[in-house]
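In the part that follows, the structures are each spelled out as C-alpha cells.
Paired with subunit B in one complex and with subunit C in the other, subunit A is shared by the two complexes that follow.
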Partner chain A sequence: MAEAEESPGDPGTASPRPLFAGLSDITISQDIPVEGEITIPIRSRIREFDSSTLNESVHNTIMRDLKAVGKKFMHVLYPRKSNTLLRDWDLWGPLILCVTLALMLQRDPADSEKDGGPHFAEVFVIVWFGAVTITLNSKLLGGNISFFQSLCVLGYCILPLTVAMLICRLVLLAGPGPVNFMVRLFVVIVMFAWSIVASTAFLADSQPPNRRALAVYPVFLFYFVISWMILTFTPQ
Partner chain B sequence: MAAVDDLQFEVIYLCQMDLQMRLFRVYSKEFGNAATSVAANPDATTVSIEDPGETPKHQTGTLRGSGREEDDELLGNDDSDKTELLAGQKKSSPFWTFEYYQTFFDVDTYQVFDRIKGSLLPIPGKNFVRLYIRSNPDLYGPFWICATLIFAIAISGNLSNFLIHLGEKTYHYVPEFQKVSIAATIIYAYAWLVPLALWGFLMWRNSKVMNIVSYSFLEIVCVYGYSLFIYIPTAILWIIPQKAVRWILVMIALGISGSVLAMTFWPAVREDNRRIALATIMTIVLLHMLLSVGCLFSFAFWSMVLWEVASTAGKQNEQSQQEN
Partner chain C sequence: MATTAAPTGGARNGAGPEWGGFEENIQGGGSAVIDMENMDDTSGSSFEDMGELHQRLREEEVDADADTDAAAAEEEDGEFLGMKGFKGQLSRQVADQMWQAGKRQASRGFSLYANIDILRPYFDVEPAQVRSRLLESMIPIKMVNFPQKIAGELYGPLMLVFTLVAILLHGMKTSDTIIREGTLMGTAIGTCFGYWLGVSSFIYFLAYLCNAQITMLQMLALLGYGLFGHCIVLFITYNIHLHALFYLFWLLVGGLSTMRMVAVLVSRTVGPTQRLLLCGTLAALHMLFLLYLHFAYHKVVEGILDTLEGPNIPPIQRVPRDIPAMLPAARLPTTILNATAKAIAVTLQSH
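Let's turn to the complex of A and B:
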C-alpha cells in the first residue's frame, strides 16, 4: 500500500520506507490556496452588548433575574419536558428556597436543650451537600448533565417542599392533635411526590437507560430526608 | 441579530472543515489509509487531522488498543487473558482525573440488584466476591447503602421512641436530629476503617503464607458495604416495641451478614495457621456484632430500658405515696 506505491521500481527492497517520508515532496500551494485571513466580525458586537447591561438601572437588573427565577418556579410547579431549567441554569432560586426552608426549620436559638430539631446550618449543609453528592453520583455513573445544571434542577425542585413547610406551619397554629398530624402527613406526602416527579422529569433523560434507577434513588433519599425534617417539625 | 451571528460562525466553521478535508485528501492519496498502516506497523505514531474537539492522546490510545486486540485474536488467547488485559487497561487513568473514579461506578442497575440479592442469601460454598463482584468492585453500593442505613437507624430510633411514649401527657416530642451525625460517624467508620485494617492484615499474612485467594482493598469494601444491606429492613422493623421481636430480628440480621462475611474470607485465610484463621473469622464476626449492638440497641433498646426503669420507679413511688 503505502510502501508499494512509493517504490515501484525496486522489487528487491525488504525494508519499507517509513511513513510520510515523501512529505517534503508535496507542494500544495499550487492547487489549493492555504493562505487567508479569518476574521470574526461579531467580536465588536459582543463588547457593545456587555456595556449595555452595565449601564442599565439596578431595577432592570434585579427584575430580569427575578423574572428568570419566577419562570423556573413555574416550570417546576407544572413539570413538562422543557429545557429551560437546564439551558439557563442559575443558583439564585435554590439559594432563596434553601434559606427560606432553613429559617423555618431551625429550632429556637434560645432553646438550649440537648436534642431537638436541626440548626439553621445543619439544614443548609444537608441541602447543599446532598445536592452536590447526588450530582457527583450522577456524573460518576456516566450522565451527560453538567455539574451546575444538576445543582440547579435539584435546588429548584425543593419548591414543593418549601410550600409544604409553609402549609405545615400554618396548620400547626391551630394546635396539635391527630387530625392536625394527618393533614400535615397528607400535604407532605403529596409535595414529596411532586418534587420527585419534577426532578425526575428533568434529570432522568441525562442518564444512560440501564442506570436510570441508580441515579434516581439518591434523589428519592434526599427529598425523603427533607420531607422527614418538615414532618417532624414541632414548634417549641 | 443572533441568527446572523450564528450564520457567520457556521460559514467560518465550514470553511475550516473544507480546508481540513482537502488537506486530508492530499495526505491519503499519497500514503493510503491511516488505519491499515497502523495495523501493519503498530509502533508507528499517526498524525491524523482531527476534529477541533478531540485530543491527540485519545486517538493514538484507541488505535493502539485495537491493534493489541487484533494481536490477541491472532494468537488465539482465551477469554480470561483478554479480560485480564482489558481489566488492566481499564484503570489506567491517573488518580487525579475524573475518569479514574468513574471506573468505580461502572455498574448497571441489574448488577447492583444481583449483588444485593447475593448478600441477602448466603449459599455455603459460593463466594460473594467471586460470584458477584468478579473484579469489578463498585463504590456505589457501599456508599448509598451506608447512607440509607444511617437515615433508617435515625428515623426508626426516633419513631420507636415516640411510640413508646405515646399517650403520655408530659412527653414532648423532639426530632432528635443529632443522632444522625453520631450514626453517620459510626457507620462510615465501620464500613471504611475495618476493611482497611482487614486488608492490611491479609496483606501481611500473604507475605508470610502463600494464599491462593487474595482480595483487593476495594473488593473488601464492597463486601462489607453490601453485607450491611440486611440491617436496613431490620432497622425499619425495629419500630415494633416488642423485646422478643427485636431480639429475633437482630439474630437473623447478624446471622445472614456474618455468614456472608465469614464465607467470603474463609478461602483467604484457609491455608494459614489454623488458629490464626479461626481468630480472624471470629474477629470479623465479633466486630459485626459490636456494630449491631452499638447502633440498633443504643438507639431504641436503651431508651426502652430506661423507660421501663422509669415507669417501674414511678409506680413504686406512687405505691409508697399511697401507703403513706
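Let's turn to the complex of A and C:
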C-alpha cells in the first residue's frame, strides 16, 4: 500500500496533461527511476528519491546520471520524434557541453591583444542567455513547453557543434590555409544544420502548427552565432 | 496503557479488535478535516491512520513514513505515548498548514510579478503577418492626412534586432575588429539594443513634446521594423566590399525605410514645426546609425591609405580577411577612425 503510493510518477495515473496524453500508453517499470518531471509543477517526488537513493554509493549515483546523459546524447545524434529529452529533462548535459565549448573557445589570456576571440564567460553567457531568450520567445508565442524542458533541448542540441569544435581544432593542427578553411567551413555547416534539425524535431510539436517558423528562427540565429564563433576560432 | 488525556481512546491497548472501530471513525467521516478527537490516540495505531489522513489531504507520504518509523520505534518503548503523540501530531498538523499557507503566498507573489503573460499579446502574430510587415517597412506611404496604422507587436522588432546583432558580429569578425576592455558580443548586443531602445525612447519623448499621436509600443515597433533596411544593407556590404555600393544602398534602402517611418510620424503629427523637428531627428539618427555601423565595425585595410597619394590608383582595395594570418601589433582603434575619416574625405573629394 505504502509502496504503491511511493511509486515514481506513473504517467497513466497522474492528473491529465493534454500535451503528453500519449504517454499513458508507455509503461514504465517500477525500477527505472524517472529523473525529470513533466509539466506538472505541484507534485514533487524528489523527497522520495532522496530517501531511497541517499544510501547508495556515489559510484551508483554518478553512473546513473552519466548513463542518462549519454542516452540523451544518442537521441540528439540520431534525432527521431521522441519524447525522451522532454520527459526526463536534466541540465547536466547542457552544462557539460557548454563548459567544454567555452574551454575550447576561450582565447589565451596572454595574447589578449591580438585575437578577438571570446572569453570563457562570454561563451557561457551567450549560450545560457540565448537559450533563456529562445525559451521565453517560444512560450510567448503560445508554446506548450515548460521552461526547463526547452533549456534542456537547446542545450543538448549543442552537441553537434561541440563535435565540430573538436574536429576544427584537430584540423587546425595541420596548419592554416584555404583548404583548411574549406574543410572547417564544411564541417561547421553540416553540424549547424544537424543541430537545427535535432532541436526542431524535439521542439516542433510544442508549438502551434502555424507558428513553427516563428519559433524556429531564433533557434537558427542562436546556433548561427555559436557556429560563427567556432568557425572563426584561431588558436594562438 | 490508558492515556488520561485521551478520553475516547482511553481503553485502547493497541489490541486488534479496536482497530476496526477506529478505522470506521476515520473512514466514516469522508472529509478532509482532521478530527481532533482521533488525534490523541497514538499507541501503536498511528501507522495506518496517518497514512490515510495524509492520503486524504494529498500530502507527501514522506511524513507518513517518517511518522510511522518514529511511531514504530516508539511502540517498542511502550508506555506513556499519550501526550507526546498528541503534541507530535498537532505540531505536524500545524507545520503542514504553515507549509500550505507559505506555498500559496509564494505562488501568488510569483504569478503576480514574474508573469510573462503580460507580454503575450505583443507576440500574437502569424508568419504571414510578419512577412507582410517586413515588406511594408520599405514602402513609404504618401497618405499623410490621417493617422497611419502601426502594428503594435514586439516579435518582429526583437528578431530584427537579434539579426542585426548576428550580422554585426559577422562583420566585426571578418574585419578583425579588436575591442579593448570589452567583448565583441557585448559590443554588438549593446549597440543594437541600445539603439533600438534608446532612440525609441528619445523619439517618444520628442513626440510627447511635439504632441504626436504615438505610443511607446508603437514607436518601438516602428523603429524595430525600420532596422530591416539596416540588416539588408549591412548583410550585403559586409560581404561585398565596394565603397560605392555601400553608398548606393545607404541612400536607397536606408532612405526608403527612413521615409516610411517619417511618413508615419508625419501622419500622426500636426503643425509644420513639430513635424520638421520630429522627422528630421529621426531621419538623421537612422541614417547616421547605418553609416556608423558600416564604418566603425568594418575596418578598411591598409591599402586604401595608398590611394590617398594619387587619383590614378583605383580606390577599391579592400580584401576580406576571414583568418588573421599575421596581425601587426598596431591595430588600434585610432587607426580605424583615422582611416575612416581619410576615406570619407577622399571619397567626398573625388565625387
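What we mean here is this: the second predicted complex is superposed on the first by the 184 of 236 C-alpha atoms of A that agree within 3 Å, B and C clash if a C-alpha of one lies under 4 Å from a C-alpha of the other, contacts with A are read in each partner's own complex, and residues count from 1 in each chain.
The rule is simple: contacts are C-beta pairs under 8 Å (C-beta built on N, C-alpha and C of every residue); 3 or more make two chains touch, one makes a residue touch a chain.
Values in this document were obtained by computation on a predicted structure and should not be read as measured data.
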| item | value |
| --- | --- |
| First, second, both or neither for A:F181, with subunit B first and subunit C second | second |
| Which of subunit B and subunit C A:S146 touches, first, second, both or neither | neither |
| Contacts of A:P218 with subunit B and subunit C, given as first, second, both or neither | both |
| First (subunit B), second (subunit C), both or neither touched by A:T100 | neither |
| Touching both subunit C and subunit B, counted on subunit A across the two superposed complexes | 1-2, 5, 113-116, 118, 122, 137, 139-142, 210-211, 213-214, 217-218, 221, 224-225, 228, 232, 234 |
| Of all residues in subunit C, those that touch subunit A in their complex | 51, 55, 60-62, 64-65, 68, 116, 119-120, 122-127, 130, 155, 158-159, 162-163, 165-166, 169-170, 172-173, 176-180, 183-186, 322-325, 327, 329 |
| Of subunit B, residues touching subunit A in the complex | 1, 5, 8-9, 12, 15-16, 19, 22-23, 26, 30-33, 36-37, 41, 44, 47, 98, 101-102, 104-105, 107-110, 112, 140, 144, 147-148, 151, 155, 158, 172-179 |
| Of all residues in subunit A, those that touch subunit B in their complex | 1-2, 5, 18-20, 22, 26, 28, 32, 34, 38, 40-42, 45, 113-118, 122, 137, 139-142, 210-214, 217-218, 221, 224-225, 228-229, 232-234 |
| Subunit A residues touching subunit C - in the complex, by the definition given at the top | 1-2, 5-6, 44, 47-48, 51, 113-116, 118-119, 122, 126, 136-137, 139-142, 176, 181, 210-211, 213-214, 217-218, 221, 224-225, 228, 232, 234 |
